[in-house]
Each structure stands twice: as C-alpha cells, then as structure tokens.
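The same chain A turns up in both complexes below, where it pairs with chain B and then with chain C.
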Partner chain A sequence: MVNGYLEDLIVGRVLRSSTTGFDCGTHSTRLDDRHSFGAFVEAPIANRDDVYAIGLIYAVRVDDDPLVSELVRAETVEDNVLRDQRENRLIPVEISVINIGWRNTERTFPGLPPRPPMSLADVTACDRLVVSHFTSKHDFFRLVLNAAEVPSDDLLAAALHYASARAYEPDERETFMIDSGRKLVRLLSHDLKRLAHLLELIRP
Partner chain B sequence: MTLPHNPNDLDAWELPRPGARTRLPRTPSDNGHVALTRLGVVVGGSLSKGLVVKLDREVAIEEMAVGRYVVVHGDNKRFFCMVNDVVLNATNPAIQGDPPDIREDNFLRAVYSGVVAYGTINVAPMLVIDEEDGKPRPVKSIPSHFTEVYNADEGDVNAVFGAEDQAHFNVGRPLELEQTQINLDLRRLTERSVGVFGKSGTGKSFLTRVLLAGVIARGQAVSLIFDMHNDYGWEITSENGSKVKGLKQLFPAKISICTLDAESSRRRTAKYDFEVQLGYDEIEPEDIAMLRGTMSLSDAMIDAAYTLSKRWGTNWVWRLLQGRSEDIDEIVEHTNIMGGTLAGLQRRLERFQRWEFLVQHSSGDTINQIINKLDQGISVVLEFGRYGSSLEAYILVANYLSRRIHESYVERVEKALGDQGMEPPQLLITIEEAHKFLDPLIARQTIFGTIAREMRKYKVTLLIVDQRPSGIDEEVMSQIGTRVTALLDNERDINAVLNGISGAGNLREVLARLDTKQQAIIMGHAVPMPVVIKTRAYDEAFYAAMLDRPVSTDEARRTLGNSGKERRIR
Partner chain C sequence: MALEFNKIIDKVERMGRWLARRDPNMDDRLDEALALYEASTDLENIQKRIRIVRQSSVSGYRGAAPLDSAYAEILPERFARPALPPLVTILACDGSQIYPDRHTYPRYYLLNIGLFVYYTGVNRRPDQFTLPQLYYTGKALRDTRKRLINRRTVDARRSVREVDVLSQHAWQLRHEAGALVTFVDNRLLFFTGGDVTGADKIMNEYRRALVRLHRSNAILGGYVDAPQDSRQVIRLLHLLSMEEERIYHSDMRGLGKFDALTDIHLFRAVLRPGERSALLVQNSPANYEYRESFGEDYEIAFFFVNVSRDARPHIARVDLPMWVARDKAAVDTLHAAVVSQCAIQGSKPYPYALTRADELAYVSGKDREKLEELIHLEMRKHLMTPGMTPKQSMKNIARGFKRRHKL
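Moving on to the complex of A and B:
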C-alpha cells in the first residue's frame, strides 16, 4: 500500500475516530509541515476505499513517558541522551483532527462524513487540488466556527493560510482571502468584534 | 469534474479558480449592442411604495442617480422602473457606531463593502412590458423576490417611447443613455394643456422653445405665443452670451411676428409682420378684472368699471382717463360709485397712458389678423418689447387677445358641427408668468381658467410657463395634461406639480435633485411614464434637424420669397 507518493503525504494512522473527528498517531521524528495546525488531511471512511473524510488538524500532542519525566527533572542532560530520547525511543505523537467535509471520486462535500475512518487507516495530507476544490466554496466555515472543542477562530485562520499557500498560485491568493473574508463577514456580521479579530488573523 | 480516487491521477481535475465568479448575463439589446449590466436583485418593496433592490457589490453606489431607469427582468415580464432613492445600509446597525478603519486597507475595504455594508436603491415600477407582445402597460403587479435588476438599455427605452416620426418629437435623452432619445407624442401633448415649470434660471424658455419647435415643425398645432421677454420670435442671447435662433428664423414660413413695441423689434432687427395696437374702446371690464392683483384693484373698483362701461359704453376707459369734472360729478351723482373709488380706479388706469400700443381707437383689426394667420397654419409670436417688464401690460394684452380668439374658436367649432374640414386648427396659447393669470382667486373668471378646464373641446389649449406652480389654481393644475418640470426646490411648488400624478411620492426626490440646467422631468399625457431627460440642446444640430424634413412646395415657395410671382417648384 505504501508507495513513494504516499510516503510523502502520510500524516499518521488513525487511533480513534468518530464522525466529528479523529485522532491519529505518528512518530515524533516524522513531524513536519504535514502536521501543522490548520493542515488539511483526509482518511478513508470505514469499509470504503473511495470515500474520504476531510479534516483539519487542530491539536498535536507529544506525550511523555517515565523516562522523559525523569529527564526533565535532571539538572543536566547530555546532548546524546536527548538525541537518543528523541530519535530512538518511541515517543508517541497524537494528532487531533476535526472533520469538516468528505469527498468521493467525483466531488467534495462540506459537512460531516457518513462514517468515521477505521482504526489504523492511513491519514494523509490532502492533495493541493483537493484543498483547492474544497476551499473554493466556503461552506465548511460555519462548521469550524461553531465547533466548541477547538480554537475555532485560530484554526480557521490557520486553515485558510495553509490552503492559500499550498493550493493557490501566488496571483490567486489575495482573491482567495478576500472571498473567504467576505464569507466570514456574512457569517459573523452579528458579532463585529469577533469578525474584526478573525479578519486580522486572515489578512494576507 | 472528477476527483481522483488515486491522488496520482490528477489530470482529469478541473478546478474553479478563486475569484472566478459566474459571469453576469449580458443580453444583447435590439441593436446588437451589448449594454446590459446587472445592478442587483429585488429584496423587498410593494406596488404602492416601490421596490427595494440590493446592489451587487461591484456596482458603484456613487454611479446610482435618482431619475435613472432600471429594468427588472421577471420571468415573463420586464418591469420598467425609475430610481428614486439611493440608500446606504448595513446588516448590523452596530457597525455605524464602530466602523472598521478601511483607510488604505484594501483587504478590509474589499471584504466589508457590499457585504456587511451595502447599498440599496428604491425603484418605482412605471410600466410593465409583456415579453409576448412587447407592449408597455400600466403596472399592476410586482416581480418576485431576488429577481435580477439591470440598467435600462436603448432597446428598453425605445420599446417604451417609440421612434421619432411625424407625431413623435425628440425632446432629449434619458439620463446616462447617450444613444437613445425620448420622443413626445405631440398629438397628445397639444390636445390638452401643457405646463412648463421650473425655478428661475433652469432653462424654461429653452425647453419651451424646443417644445414649440417640435409642435410647429410637425404641424401638430399652431401657437399664439405671448412673448414677454422676446424669447421666442427672433434671435435670442442665451445666458452664456451666444446668439440662438428664434422660431421665425427656424420656420420663416410658419411663424409670424407681431409686436407691441415696434421700436424694440427694429432695434433687435426682429422681422415683424405687423404692429399690434389696441383701442381703449376695445377694453372691457372683464379685461380690467384680470388686473385685480397686479394693479391692486378693489372689488368696488371692479364694480365701478362695469358700471362705467354700462353708462358710457365702449369709450369708458378713455373718458375716465380724461377725467373731466362734469363726467366725474355725473357718475358720483347718478350711480352708487363713491368718489374715492372712482379716483382710485382712475389713478390706477392712468398707467395705461404710458403704453403706446393703447390708442383711443384701434386702426387695424388685430384679432382678425391673428386669426387669419392661425388659420393659414402660421403660429404667431407677439413680442412685448419694453412692455415685457410690465406685468399689467402683459396680462391685459394676453387676456384681451385670448378671450376674443377663444370666442372666435368656440363659434367656429360649434358651427362646424363636427366637420373637421370646417374646424379651425388646434391652437396652443403660450403664456408666461401663468400664476398671475391662474391665481385661485381669479382663475374661475379668466379666459385661461376656462381654456384649461375645457381641455380639447374647442381646440384651444394652453402652454403655460411658470416658476411658481403653487400659485396656480388647483383645478387648473389638475387639467394640465403634460407637465414638463425643470428643477423646483420649493416644497409647495413640488407638491403642486406632483398633485394628481400617479406614484408622485416616488418622484419627489427626483424632482428636487434635477440639475439646474438642461434636465427636466416629463409627466402626463404625452409620455407613457414619467421620464427624466437631459433636454435636447437648442443649437446648430437642432436647427439642422428641424430643417431636415421634406418641405412642401408651398412652404418652399414662401421660404424662397416669390415677390408676388409664382416660382415653378413641383
């Protein structure tokens, strides 16, 4: 299953999931831009390999273990010990994703996916074309803005900057951000202070 | 579009680009010129109060102007509407208390404008055009929510106002539609009275000259023009100092100038045909009654005039002005006229002696001369010369001539018994300062009030030019078929002009915001719907257009001047 292309895209594997989101795990050494806050990821839903849940990474946690706890209390830690701890020991990294849409082979859809991904399913970074198509409509904004368990304003701003940088040509980015800003103005016209803050966050 | 199951297979993807909106529909107009631009969608309103249109954010609010035409494209009908208000709105009123700082911030400007803060226009449906037969009809319904609104193009305007022909005359163009024109139905214009209103300096005289030129050029009526300030007959100096042609210069064979002040006409090299002199013996008490307001005549003085006329006959004015003591004593002794009243009337009428056109006995038959001209299809301009500055003289002469010409028309129309060949030509009497003639206190007694009320019954109608329409009797105003109104800023004048006009409330803002020059709103009988126009310039192009029509042999003969010999023009 894993080939060179997916190696580049893979974010982790599903640990636990629901229709509203899922957590996936990976090794600390693999953490890079794919795992950034606000990145678009996707995972096949249970028992279908042609339907993918699309989500946003809203939290990345590096867990501890007894040795880490002991090391942080030590007065000095040698560099080779630190490198050994980081590179050779299996420090679990947990990534939390909120579902904002799904796709099949024809279209992308805003909203929650029909079923959650199965455990250990591959979680991959969305291709730029998926991101581009999915973000060309702004229907997922409401889902993010109304999500109680996530830092919604910062998450949406990060997602838009991620999409702008990854999925749009330089000359398209300003227009994308202005279109996104207008959608936010429509959604948040009742709450001008929140709107002003969010527009500051997404300013290109 | 196909999304790949395998993300490697990306070739088939066809993605929309950001900012690539669906193109606005742009429909070719009748002449093939693409001109339609979407302005927004209907979001509310009513038939009585007009429609509310939310403007698209691309539309510059600054470019929206009251009086402009828009067309609402319904499913089966096009609603022809006029913009009568432009409004700034916000989805959240709180934004007015804490507006975003968008100075030099194009991003914030772009996202806020047209979304949380947006523009709306109020539009008044004026006509509906059924897509099936293309005929304009009165509006009895309104389009549904979210119907698209476009600016009106040439095709829309032409569908409503028709093309220029023998009965339709181009008087200008609608605002912002350079390539089209508004054509007045001259037949309908002249069959009822017409009012040209506007505050001082708004170009009423130029507008009137354009209307008269149309009527005369198309032969729809003849006109008797009481030319108070020598504005119509011969060469006129416009406000910018340039010379413009009078009607006589445009239509030498169709205009005759007569004058009350031959010296003034000669000084201006105005080619007049005859001089008008009125005899004191022709002045009747009714003519004096018209001067009640301008000469401060009391009721007792008016009664005295009737008594004197009865006692002394036709020469009563002359005898009163001579003021021989035996005459005065006789009147005071044998009638109930008080000496003071008689002296007051005499003092006031002494002004007549300064008017050289008044003579003891008139030598010519002025009335018949004018009627003969009118019967030949020749319009008559009566120049007042220096007497134009005397309102009393103007009122006396206009009333004197109009009353007698009207009597002649009544007699001839009744004699004709419906035989159109026997009837005199349709006559349009043009008077200025009309509120002095049609004041509510005297309108019922004056000939002009009678003419206005009779409408087309005796083939005489009025073209009244005035800057104070509120001073005109309400009943007379209600009988004015077509109102051509330049800028008015007095609330009472605006009310007077709009009184009786369907959907007048919607036009109030339009009327109060016309440009001071070359803009007017035309409402009433001669147009299918109220229309704001940039009036046609009275210039070389206009002169050329007036001449650019087939000239009859008879006309050509008269124009060339045959010195009594017949030229062979076939």
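Moving on to the complex of A and C:
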C-alpha cells in the first residue's frame, strides 16, 4: 500500500457500536467530502477482517468547546488564533452511522451485519464498486425508510445522490435514479405525501 | 453516603451573608488610600522610608519599594498600553502533575509540561509541545529519610521544570527575529519551604533556568491573575502614612487603617483599560536573597495592569526580573504583550498563550486511569501484580458506581 493511501480513505475510528449502527470519531481538520451526510462507509466487524458492516453517515457533530465560545466574544479573532484553533487544537468530531448492509470479499448483503465493529476499528469510505453493487439492488431502502432515529427521507435522498455521483458513470446515473424512484413508488404506495416528497428530493 | 445538602444549606446561606458584608468605612479608607497614592510623587521621601525599614532594628515590612534611583518610576504614574513591536514570539509554559499515591503499587509521579509558542506580526501557525516525564525510581520518590516525597516537593519540581523547559526553548529561539517574550503562570519569586526534598538542588535549577532565559535575551513575565491577597502597595501606603518616628517602634506587619484594603481595590480605582502601574519591587528577605545570591539582574520587580477592555477593570500583577525591569523597551514589550494576549479571549481577559499551555499540560482523571492501565500491563508482562492497599481498594469500591434499584 502506498504511504498515505489508507489515511486518505479513513473517515474515523469507531468509538461505540451495535449491530444497528456505530459512532466514530475524527479530528476536525480531517473533515471533508468523506464525512458528508449520506456518504457510504464501512468498518470491519468484530474479530473478522474480511467482513465489513456497510453504513450511511446520518449525523456529524462538532462537540461544544467553551474556549471557542470565549474567543467568538472577542472583538476580532487574529488569524494565528484561528489557525491554532483549527489546526492545532483537538476539537473532537463525532460521526454517527446507521448500518444498512454488510459485505464479505465476494458480495454485498442488505440488512444488519452479523456483529458490530469493535472500538477503534478503521472506518473507511466505501469503494465505488462496493457502492455500485450495493445500491444496484435497492434492497436497503426499506431499512432506511423504517429507521426511527434518523432523518430517513433526507438520508435516503442524500445517499442516492452520493451513490449516483460516486459510483456510476455519467450515462448510468439517470437510469439509476429512475430505477430508485420506481422502487420508492412500490415501497411508499400507501403514503403518497411522503412519496411525493422523496421523489422531489431525488430529482436530478 | 453523599453530602447531605439539607444539613449544610443554612451554613451556605450564612456564608453568603458573611461574604457580602462590607466594612462600613471601606469607601472612606479607599478614598484616603487613593489620595495618599496620588500625592506620593516624592521618590526621595519614599526611598528614605524604605531605607529606614531596611535597617536591622526594624522588621516586618513586606511591602513594595521603588526600584533603584536610576530606574525608579513615580509611584502614582500610569502607563498607557504601548504598541507591540512588529515581530514578537511569545512562549508560554505551564505544568500539571499526578502526585505519588502511597496507597497504590507501583508508586510513581508524573509531570507534564505544556509549551505554547505564539507568533505576532507574521502569519504563522502557533507551535505546541507537551513534555511528559514519569518518575518511579527510589531516588526520585523518597526523601532522605526514605519516606515518600510530599506534594509540595512535586509542586516545587513542577514549577522548576516549567521554567527550565521555557528557558531551553527560549535558548533555541534566541536568534529569531523580533522580541522574545516568555510567560509562566506564577509569581517569579519562587522559594521552597523547609519540607521540600532537595530544596537546594531545586533552587539551583531554578537559578540556572533564569540565567539561561537572561542569556537568551528573553523578556520574562510571571503572570499572576487577580492577586486577591496582594497588599504590597497598600503596605507601602501604610508606611507613607506613618509619622517617621513611629516607624522605628511599630510592627510593620500590620496595615493600620488600611487593613481591609488590597492592591486590587486600589488599582481597580486607578488604572484605566490597558494601563499599568509604576514598576516596584517587593521588600522581602526572599527578594533580598535573590539579589544577593543570584545577582542584581535577578531581583524580582512587578507592575499591576488592568487587562480589561471595558469599564469593568480586571487587575493582574506581572512579575519581571530586574534584567527586564531596567530595560524600558523590554518593559513596554511585556506590557503590550500581556494586554494584547488578554484581549484575545473576549470577556475573560487572560493571556491566550497561557490558556493554551495549561490546556496542553492538563492531565485529566481519565488520562491518569489510562496511564495506570499501561503501567499495570507492563507489570504483568514482567509477571508482577499491581495493587493497592485494602484501605484504598475499599474506598474505591464504596465511592464507585452504584446501581439504582427500581421498585
């Protein structure tokens, strides 16, 4: 592995976990597109390095920091203070992930993983092939739509946009989104208001 | 059993009333002190009285005194905040510790020093360092009678290590362009008590660190935030209020009619935002010892400064060694650096660099638990068993997590 390659993929490290999801932590300076709402991430499950839980990021929290609260009350904030706060200080960021599937080295599966990841396991952004395999079947929609603890409609829409942009070629994207919309029509035929809202959200 | 608040609440109320009580004559006393302060412009008269209290027949005066004539400033003079030089490097150092615990095995103590480097006049990310040191050998942990060292010894070793680390980094930066300002969050007139193990060695190390700072051309400041008990200038005013003849026969430890006043009371009324007081020295055996043993450059002077930016004054005392106090440009740089650092933190005026140094040095309870886990792991690798006395073990169990049972 080329030096730095894994670092480029790492989203954070697991702080706490269950089969339904996990929280991971990272440093504020590392926040980028990998940490976007709706991004696909994965982490190895406990005591297996060839089976990964696949999840969606549904919340990113920057913890409260009393020192920052004081600094914002000053008349001006010097550039070097800003650099110190942003680049030096350990401002912890917590990322919450809902599990929507899992994979081994050969294929992906919708549903909850057999075991949760262990503390401090590397959480990485899913490879584009993993995302395209996983999303091509749309089987994870029901799990997201039924998840009570997450903003499910917005999360599903964000995940579809993320997958479309990262895992599909430009000429495949429209087909992917139309197929996704059809799946949603089947799942939400009993709730037309919600369906209309979701279709609006995934409109290209 | 937790604290039974119903049994203490009336005492808390009484404490509140006691704290709020005010000497009915306080305002008059303060007005009197202010009038005397403003009128004390005759340096020769002040020096004459200081010479009297320095005579061996008079003892007990621990108040302020002007600097030697060539460098003395008029007592009531106020100095507005000067401009900060174009390039200044500010080093701040602070320390934290884990004390040795006689109830656990193995015994050890830890000093963690945080060093923060802030650059002004240049767009440069501040630098930060932490320097933890673990002490576990018998030599480090025992006094001459083979007893476990006390907390005051650990505190003294930490204080000296702070200044030592500061001096080493100042030495490395001595050729950097611009002024080099160094801060510690403590008074500079450091002294070890008789119960400190290795007191002479500690004082020698402190002296060496001061010398290194001096040779680095560092502008050293000891920042004392809100010195509530400081009465050095009030003592001087008491001395000036006495008839000369009475000085020879009075106990100079007292404050007479100014008994209820502190230096903060005085300077809250005197200093406007950003202003500093005149430079003074403390007349004490400790400072005399510094001057005689360390050298004239190492006697400790001080000034008071209002670091607030608004109408609510916040008074701090800044200690500085004589090599800085005799250099007008260095005093101005220190004054400007203190005020500009305090301005960074909004409504809580305190030097930003010291806040960050403290943050870097702080060892939390969780850090201590993790360190002990690591030590225990190492012990088990070597087939040893960590432990604690039954007393401590039972205390931890009784104080620990309690499950709540619900009916």
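Following the convention adopted for this analysis, the second predicted complex is superposed on the first by the 199 of 204 C-alpha atoms of A that agree within 3 Å, B and C clash if a C-alpha of one lies under 4 Å from a C-alpha of the other, contacts with A are read in each partner's own complex, and residues count from 1 in each chain.
We adopt the following convention: contacts are C-beta pairs under 8 Å (C-beta built on N, C-alpha and C of every residue); 3 or more make two chains touch, one makes a residue touch a chain.
If you're wondering where the values come from, they're calculated on a predicted model, not measured in any experiment.
Chemist: Taking chain A as the common reference for superposition, should the pair chain B and chain C be classed as clashing or as fitting?
Modeler: Because the two structures are overlaid on the shared chain, the partners are seen to fit without clashing.
Chemist: Mind working out whether A:Asp84 is in touch with chain B, chain C, both or neither, as first, second, both or neither?
Modeler: After superposing on A, A:Asp84 lies in contact with chain C but is clear of chain B.
Chemist: Please work out whether A:Val62 is in contact with chain B alone, chain C alone, both, or neither, and reply first, second, both or neither.
Modeler: After superposition on chain A, A:Val62 lies in contact with neither partner.
Chemist: Taking the superposition on A as described, I'd like to know which of chain B and chain C A:Glu70 touches: first, second, both or neither.
Modeler: second
Chemist: Figure out whether A:Leu120 sits in contact with chain B (first) or chain C (second), or with both, or with neither.
Modeler: Neither: A:Leu120 stays clear of chain B and chain C.
Chemist: Chain A residues in contact: does chain B have more, or chain C?
Modeler: B
Chemist: A:His133 in the overlay: touching chain B, chain C, both, or neither? Say first, second, both or neither.
Modeler: It touches chain B, and chain C stays clear.
Chemist: Quick check on the superposed pair: does A:Ala165 touch chain B, chain C, both, or neither? Answer first, second, both or neither.
Modeler: Touch status of A:Ala165: no partner.
Chemist: I want to verify one number: the closest Cα approach of chain B to chain C after the superposition, in Å.
Modeler: Minimum C-alpha separation, chain B to chain C, in the superposed model is 33 Å.
Chemist: In the superposed arrangement, what residues of chain A touch both chain B and chain C?
Modeler: none
Chemist: In the complex formed with chain A, which residues of chain C make contact?
Modeler: 118-120, 123-126, 128, 309, 343-348, 352, 355-356, 359
Chemist: Spell out the part of chain A that touches chain C in their complex, as residue ranges.
Modeler: Those in contact with chain C are residues 67, 70-75, 77-81, 83-84, 87-89.
Chemist: Can you check the complex and tell me which residues of chain A touch chain B?
Modeler: 5, 9, 49-50, 103-108, 124, 127, 129-130, 132-133, 136, 168, 172-179, 181-182, 184-186, 189-190, 192, 195-196, 199, 203-204
Chemist: Residue numbers of chain B touching chain A in their complex, please.
Modeler: Where chain B meets chain A, its residues are 1-5, 7-8, 10, 13, 15-19, 91-92, 94-95, 98, 100, 107-108, 110-112, 115-116.
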